[in-house]
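Okay, structure first, notes after.
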């Protein structure tokens, strides 16, 4: 069954490789490159500059290359069409699965073999390395660095200026925070640093600027108010030392 | 006002009953059955096999019959069009309200008179009985069984392999978990069992494999680390016995 | 690059001012007014009665004027087309930024210079004053009043019948609640009252009917079970007095 070609809008200066697939109700803007074997589902909008590399799947209704705030304001002022826009490059590398409803801003780089769940949000100036999973409804608010083999579970929240190492597990609805005084006192936002091999339990909260050291395990619902030590398990509100991690564990 | 018929894509092997309504910008795939008095809103995608029974409403931009992971990978590899796909049957029974933005995978059965809020996610191999409400942004991650008259409030999280009885109340952003060691030690995922008549407070967390017994009330923000007793109120982190439930309560 | 005019559906009784911009794949219903310099992005649906005032941006796939429950049921029963519907007025005032995926019901008023993140939900009978920010995935469940200069961070939850003053900060995934007995005992839903200048920490929970007094600071993860006093910091589960707020803070 052929789609009606009039149901797609592809900018003449977009570059769509042979052997890619673009479904109906899609919009591909100026400065977008869709490599071979990439799969663009129904209702997707991709704005330039953007590269979707070989073998990557973009699910229904995703928006790739969403404009950043300052551009958005100018765009409205000048009534510029998004399809003609060329913002800072967003790159989705090879063999990624970007599930339906995900929004990825301009100036983001996502490594090979990454996956998102549904309705994930990844804002600008963010770099995510390879083999990392970004769960459904999880939010990465921009200016964030994330390593390889990270498992970001459903609903996790990663605010501006956070740093996450390799092999990290962020449990469901775990939250990093960056705003210590919550509008009550002047404060420069500072995100936490989550070192390699850390596991954060479901619904845990990490305070602004806190360093969660290599291999720490944070219990479900724990509120982490200060830096942790390596390979310790901490639990409670506020989080306290429970025990060392057994040598038999990773 | 007539919609432009070219703005819908209906597969010739889909079966659309007279007396149903399908709005614009919709996609109805092969092997989909839309019964009489069903109402399909703008931007909805339904992929086969799927049955939408009489009197059911599907809100804007919903995706019904979303492919499971293994199929997705093959689909991308073979550049198969979703509209031609026929996966395991998804059934939405009579008089349901599926609100805008909800995503329901293949191999899901939803009973009569169920409702979802917006942007709910229900993944594969899930059965939901009758008169159950699945709130906005709540997530059911697949391989889950849910009874009758369950109230799943906004943002609740139900991971793989969870079981929920009848007349259960899951408060806003209550979370079940299934992964005890969070990548640090080998562990087979095991979800909690929530028995009949249980109420979980807002933002509570239930540990993997825990049985929450008939009629338990879990306080807001409680972290439930072990099995509970019937008709007890438990609160805190970790959750502890507060008092028996008064006989005058349900 | 011109959009194909057949890819928009604009009701002949909608009023679209010159100098506004409406992108492709959009639906503008009867009784909708789009003022000059308003910007309507791809895939947006706006149902009447609705006014989008000058300089306001509506991002991709937003739904404005979503029908309330009772109307929805009648609509399905009568197979009425949404585009012909005229429900209670929704007003989005000047220079707002409503980001992609946000859903706003009928009978909502949003003041000047407000912003939403992505996928925010604002249900019926809600009034939001000026310069207020409603974060990504935050949910306002209807019958809610919100003041000026409020910062509602990502994922905050505001249930039915809540009241929020001016200059309030609701941290990420902070939650108000309105249902004390969770289906176990008859109870009229009653939301909290959040007075002016309050700050709620990330993942905090406020009990039904609780008054959080002027200037209170609630710590991250705190569970607030009773009324607070002015300018106190409270923390823990259940939340207790930690210290008075220093005079040097706001």
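Letters A, B and C mark the chains in the order given here, with residues in each chain numbered from 1 onward.
Note that a contact is a pair of C-beta atoms (placed from the backbone, for glycine too) under 8 Å apart; a residue touches a chain by one contact, two chains touch by 3 or more.
Note that the coordinates shown come from a computational prediction; the quantities given were computed from them, not determined experimentally.
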Quick one: compare the interface residues of chain A with those of chain B and tell me same or different, with half as the dividing line.
different
Cα superposition angle of chain A on its copy chain C, in degrees to the nearest 5
120
How big is the gap, in whole Å, between where the Cα atoms of chain A centre and where those of chain B centre?
24
Two or more other chains are touched by the chain B residues 6-7, 25, 43, 61, 101, 119, 137, 155, 173, 203, 221, 237
Interfacial residue positions of chain A with respect to chain B in the complex:
1, 3-4, 6-7, 19, 21, 23-25, 37, 39, 41-43, 55, 57, 60-61, 97, 100-101, 117-119, 136-137, 151, 154-155, 167, 169, 171-173, 199-203, 217, 219-221, 235-237, 245, 248-250
Parts of chain C lying in touch with chain B, wherever the complex brings them together:
6-7, 9, 11-12, 25, 27, 43, 45, 61, 63, 66, 69, 72-73, 75-77, 79, 81-84, 101, 103, 119, 121, 137, 139, 141, 155, 157, 159, 173, 175, 177, 179, 181-185, 203, 205, 207, 221, 223, 237
